[in-house]
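Structure below; questions to follow.
A, B, C, D and E label the chains in the order they appear, each numbered from 1.
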Amino acid sequence: MTPSPTKQFTKNILERKVGQKPGFLNVHEHSLPPRLFMVSFDGDLYESREFENYDSLMAAFVSQPQARHWIDVRGYQNLELMERLMLDFQIHALQMEDVINDYQRPKVEEDGNRLFIISRMVTFTEEHEIDDDQISLFTGPNYVLTLQSDYEDCLNPLRERIRAGKGSIRKKSSIYLAYAILDVVLDHYFPAMAQLGEYAEELEDCLFENPSKKLLSQILDLKREVVKIRRIIWPERDKINEILRMDEAQIPHDLRIYFKDIYDHAVQLIDLVDNYRETTSSLTDLYLSNVSNRMNEVMKVLTIISTIFIPLSFIVGLYGMNFSREQPDGEINPLNMPELYHPYGYVTLLGFMGLVVVGMVYYFYRKGWLN
Amino acid sequence: MTPSPTKQFTKNILERKVGQKPGFLNVHEHSLPPRLFMVSFDGDLYESREFENYDSLMAAFVSQPQARHWIDVRGYQNLELMERLMLDFQIHALQMEDVINDYQRPKVEEDGNRLFIISRMVTFTEEHEIDDDQISLFTGPNYVLTLQSDYEDCLNPLRERIRAGKGSIRKKSSIYLAYAILDVVLDHYFPAMAQLGEYAEELEDCLFENPSKKLLSQILDLKREVVKIRRIIWPERDKINEILRMDEAQIPHDLRIYFKDIYDHAVQLIDLVDNYRETTSSLTDLYLSNVSNRMNEVMKVLTIISTIFIPLSFIVGLYGMNFSREQPDGEINPLNMPELYHPYGYVTLLGFMGLVVVGMVYYFYRKGWLN
Amino acid sequence: MTPSPTKQFTKNILERKVGQKPGFLNVHEHSLPPRLFMVSFDGDLYESREFENYDSLMAAFVSQPQARHWIDVRGYQNLELMERLMLDFQIHALQMEDVINDYQRPKVEEDGNRLFIISRMVTFTEEHEIDDDQISLFTGPNYVLTLQSDYEDCLNPLRERIRAGKGSIRKKSSIYLAYAILDVVLDHYFPAMAQLGEYAEELEDCLFENPSKKLLSQILDLKREVVKIRRIIWPERDKINEILRMDEAQIPHDLRIYFKDIYDHAVQLIDLVDNYRETTSSLTDLYLSNVSNRMNEVMKVLTIISTIFIPLSFIVGLYGMNFSREQPDGEINPLNMPELYHPYGYVTLLGFMGLVVVGMVYYFYRKGWLN
Amino acid sequence: MTPSPTKQFTKNILERKVGQKPGFLNVHEHSLPPRLFMVSFDGDLYESREFENYDSLMAAFVSQPQARHWIDVRGYQNLELMERLMLDFQIHALQMEDVINDYQRPKVEEDGNRLFIISRMVTFTEEHEIDDDQISLFTGPNYVLTLQSDYEDCLNPLRERIRAGKGSIRKKSSIYLAYAILDVVLDHYFPAMAQLGEYAEELEDCLFENPSKKLLSQILDLKREVVKIRRIIWPERDKINEILRMDEAQIPHDLRIYFKDIYDHAVQLIDLVDNYRETTSSLTDLYLSNVSNRMNEVMKVLTIISTIFIPLSFIVGLYGMNFSREQPDGEINPLNMPELYHPYGYVTLLGFMGLVVVGMVYYFYRKGWLN
Amino acid sequence: MTPSPTKQFTKNILERKVGQKPGFLNVHEHSLPPRLFMVSFDGDLYESREFENYDSLMAAFVSQPQARHWIDVRGYQNLELMERLMLDFQIHALQMEDVINDYQRPKVEEDGNRLFIISRMVTFTEEHEIDDDQISLFTGPNYVLTLQSDYEDCLNPLRERIRAGKGSIRKKSSIYLAYAILDVVLDHYFPAMAQLGEYAEELEDCLFENPSKKLLSQILDLKREVVKIRRIIWPERDKINEILRMDEAQIPHDLRIYFKDIYDHAVQLIDLVDNYRETTSSLTDLYLSNVSNRMNEVMKVLTIISTIFIPLSFIVGLYGMNFSREQPDGEINPLNMPELYHPYGYVTLLGFMGLVVVGMVYYFYRKGWLN
């Protein structure tokens, strides 16, 4: 049996030690060794590099103070690196704990003019489960620092857009870059939702074709996935709403409309997920009604067969009785089963039983039981 | 099988590319070539024309600065036209994206004194589905600009009213025209709701006459349509409420009562749709109870037939036994089934079985099983 | 079949034309010709008259400026009269549309110091449905104007109170008169609720005595009536709450306690209706459980009869077999069914079968199936 | 049949006349003749008396202006007394109507520095119903006036505390006395809740031992009682919360912590009642599952018996056929049922049937149907 | 039978006397004799001692005014000690009542700059129940006073952290110590939740393997435990939220981020518990569907057996009839059951019945009933 969704969902949360010092960086044993990337851009400038070590990255970062930098750290294995990041980018220990802990609801915290944002990237896996990875993001005057535990992410279209220099992204501030990252992350929910929707329709088709025992369990699993993604999207929406309520210092007025746009997307996602919730509910109803209908059908077959043959069996049993035609004194007793001795007795009886069958079948036909 | 409502509902949302530049105008492949209409009016002035191209429309628009104009663009195929509209009417790229994207919740955005409003026009189709099209609306000092993807809409009664010059519509400002459009769009919900209600009653009649297997699926589909229209009407109400909370600059005081009026209509629609939700819920209950009742009826037929004939079959089996009257020594054994040799044995037995049947039937009659 | 509650509920709303001019007075074809009443009072003064035409009413109204007047218009057929009322009492076209449209949620609008209030009068009909009529009320410095579509209403006790001069009603302002009307209208909900409650108990008794197929449908209809009255009472409460939040100019301080009192009544009604909602829910549960119990009973009868007789039938079938005692060579074969030739074979078998029956019955008795 | 809870709950509300003058004192026909009590105390002073008539009570009240007085009126039969109370203690007619009307939600009204508080005292009766009586309370500078319709109440522990002079109650203000009364009334909810909880467990035990038809009806009645007490406790909590939000003039700062304490108790009661709601819900689930399980058991017995004996009956029927061994020409036909003539035919058949039974039983045992 | 969860949950609440003086310290009969602990620390200073009596503890406390002290009282048996604590640490009688009463929702009260906090420590017991103990906490300028009824608690990791001097805890203020205690208490919810989750999966496995009668009852018990822990965590979250809204005087700005962190943990716990609620709901659904499926299976076995053998039994009964081949006049009657005298009659019949069986089995196979 594959691990249940609940198990998947709660594992990350529960893998924390009780009573540890707040801000204690509890690096998972499966953490990957960190890889360091930086994209630097400024109008015509565009550089995208992977760095061997943190020192060379910082050197490159410091050498171009006029440019915007997207520093991208993937993998948390190196505790020392984490501590240097905390120092160089003024990250609070509790925030770094949230980054590494790797199960956090989407949220935003502001610290002066700097933002700390946690988002979740979702994919719909082959096993029909919602898989969600965390991406943490810190903004600064001329940089955005993102941290994620895996090497793979969904941000390549954005990297390509910066490289191509399409749109005004190279000319805009670091907060616009943060917006662009949030936008791509949220855009990635849509294909996951589409796959989830297709899977729901697959199950619905199964329901009509071959409603197996396993199906209900699959439907209930899907229901839980829908509830799970709902529990991710709502705080996502709240997070963006909180950003929208921030003042000029954090979110310049001309960028507000962009955050309003991803807010609209989040609300659309909530509409979608509520829609799926309805769908999965009616799937359960349909399943139970199908089970009930099949029981009904079984009952009908039993009833039709029994109702036709039980009276016939009685009749043939009747003429299997041994009432004696001959009295002990040898006289013929004309009252004891004279039918048995009638020349057309058997044929008449067969005809009568045929009529009973026809009558029964007609009765069931009228009741609509034969469809 | 027709596409499920979910599919219809989500298709539009999901047909967007991940990671595209914000404000990127993603023209659908099935978009229609644009048609350009303008109605100009001012007291006695009334002109309604379709224009060959955008230049001639703009020329006519500019030549009558004192009049009010309703510019009406239908079909989004021409990307260049869209970009010229953005330029001439100061439309933000993200707003134009919302227009073309064609699935947006009803909403209003204010930008200085100008409003950007998205509404949805609903119809109830032959396939018993709620079909909804988007109409986008921009207000300006002396114009209203509407955009829609189809050539057909529900605004002809309003066009006729302007032409006839009935009421004060020709003398009022462009914001009144915007109100009039919203009013007509919302009025169109009522006949759609009426048709949905009639369909619900049709299903209810079916339920009592011929509750087929397909019916539950139809009821659940209807339920989803009701949920869907509910999800459209609530933001519609919120939108109008937001307009009502705007200040004097956007909504002059003497027009406020008109928006209050359509707010009341929106609340009535919510009442109606909640009513339908109750109705569809009780349809499901009735369906399940009907299924259960029919199973009960099947069981009763089986039980009555079995209960009458099984004892009778036992009796006739009894007298079909071959206990020997003659002992091996040729003596008559008076204890072995003397009934069989009694002159009235057979007749008495038939009478006894008749009594058993009458007794059983009376018992079932008293139990109320024969109704 | 009587029209379903849904039909009744929605007919009024849906009988409006799409795209009509706002404030267009759409007089129903079944409207009654108007009757005009006025009660005038002031300390010792008391006059109650029906007027032939509007002019004589206005003459009487104008001739006693120091008195309070309750002008009471019943029937909307005369469009011209409506327009004169709008003119003389400064009623906005949209408000008059609400009056005539005749399906409006309870609401209050303030316009300077004047109030426009819509209430609904409910009765519980013979067909066990909630019937609700609208009464519209405008207040002015020395008058209250009420409008209703029917000739009959529930305000006679109030008219009698004014006539008798009981209490201080004759000495109080017109806003007190408005309060008194709202109070009587709300008081009328209580007997309607009582009748609804009695009907619910009637259905509950039926449930235990004779749970017919029709009953569930009646219970679900009742449920919808409860939901419907709930949907009327909540805005009624909100309306009164809104009045309570108005300032001194609209509601003088010494009258506030009276409106607080009807607010308490509205809250009691909500308690009551929630109570009925619980009741109808448990009726549905009881119905379904009863259906299930009866199926159980049917099953038990079948099972008891079958379980007793099927083994017996086997036994008698056993001794109906024709195994031959005589071998082909004429020898007696002592192994083939010697029981049949035993002198006490038949009697012993009957006794054995009697024991089987007693054992079975005891088993069922122990299982508690015989109760 | 005992009156249903609904009947009990609604009787009081509905026993009011429509259209009566607001503040009209509608004395019930079953009202008791009033009894007048007063407890006066002040440090060392302590007097507790029942008075013959109102004049002597007022004389005693006026003669000790420096003391605190708890005036306690029980029984509303004397309308004149009520009117004198209204005059002497400045009680508004509408408030006195609330007192006598005797069904009011818990609420508080402030009038200057004076409070008018309505509480409900609950008990759990022998008939397993929540019985609630109203106590109305007016505070004044040096007195608390309580009114109740019955002679019995739950305040004796408080009277005893004042008499014993325990705590600081004799030294505190009249508002502290009001607090003490509210506290004792609320404390009385806990034993009622405990009895209700015990009754719920009793029903749960019945469920497992002897799930009769009546039980579901009892469970649903209990559910309604829980809903009913919930509907009393919530406004109780709101009332105390409203008192907590009053300012210094009504509730002195040093008494605030006492009201905070009873607020905590009210919240605990809500927790408890929500807990019981869960419990009764799961009782319904368990009941329905038990019914279903028993049906299952009945079905199993039927199926086991039928499945064992129906094939056996077929076999014995087979050898009851009369295929003739002798041809018309007197030849032996070796193909027609030779088994019947085999010396070990009968014994072999009995053995075979025994094997069939063993096989069937083993099959059911493997299926787990025999447990 | 073990005591039901409800009983456990309500016992504490209900064990209070009605009408007792507010602030009356009602020491439970099972209270433990108090043990007194104090941890004192200040940079390098670290002392952890258990004291014989209260006087020696106070002497040590007073002798080190510059240090921070964590005074830890376990066991409430000594009423005199409680009263001395109230005096020395200015604890209000009502607060001490809350401490001893031992069933309080998590809450915080502020009194000047001092906080009074009640938390609940949860564990998941062997009997699969949520067990929760109360810890009460008072803060002062240089101390934190905690009170608990048991000797065992979950705070040892924190004591160890102070001893080891890890982190900055020794250098921080007493409010930080209070935070650290709340943090450890809340961290303890996670393993309890994990155990609850594992138990839920155990039940789910049982459901598929051996769905016994007892299982539903276990599932419903688990559901109630989930509801119960939910009712503890929500006020826990509200409590921390209230602390976050306090001003600088209570919570210094630099500590705010720590309370924000435990707020995030509380929200995660709510997510988790909502997740478990979904899980237990779908367990109930699965259980009921399993019951229904098994009934279906029983029905199918019965129907297959009956449907195959009933017609066969009819056939063999048919040829067990005694229609006489010989007329009374000795003539052969060729119409009365000639099959019985046909040389291949028996063999043909056996073959025909074999065909009927094969046909039936094929029919059921096609219906999918044999899987």
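In the analysis below, a contact is a pair of C-beta atoms (placed from the backbone, for glycine too) under 8 Å apart; a residue touches a chain by one contact, two chains touch by 3 or more.
This structure is a prediction, so every number in the text was calculated from the model and none was measured.
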item	value
Chains contacting each of chain A and chain B, listed by label	none
Shortest chain-hopping distance from chain B out to chain D	2
Classification of the chain C:chain D interface as same or different, half of numbers criterion	different
Euclidean distance of C-alpha centroids - chain B vs chain E, Å	41
Where chain B and chain C are represented by their mean Cα positions, the distance between them in whole Å	26
Touching two or more other chains - residues of chain D	292, 295, 299, 302, 306, 310, 313, 317, 320-322, 337
Touch-based graph of the chains, sorted into line, ring, star, complete or other	ring
Residue ranges of chain E in contact with chain D within the complex	4, 6-7, 9-10, 13-14, 16, 18-23, 92, 94, 97-98, 103-105, 107, 109, 210, 213, 216-217, 220, 223-224, 227-228, 231, 284, 287-288, 291-292, 294-295, 298-299, 301-302, 305-306, 309-310, 312-313, 316-317, 319-322, 332, 337, 339-341, 343-347, 349
Sites on chain D touched by chain E in the complex	154-158, 160-161, 166-167, 169, 180, 183-184, 187-188, 190-191, 193-194, 197, 200-201, 204, 257-258, 260-261, 264, 267-268, 271-272, 274-276, 278-279, 282, 285-286, 289, 292-293, 295-296, 299-300, 302-303, 306-307, 310-311, 313-314, 317-318, 320-324, 327-328, 333, 335-337, 368-369
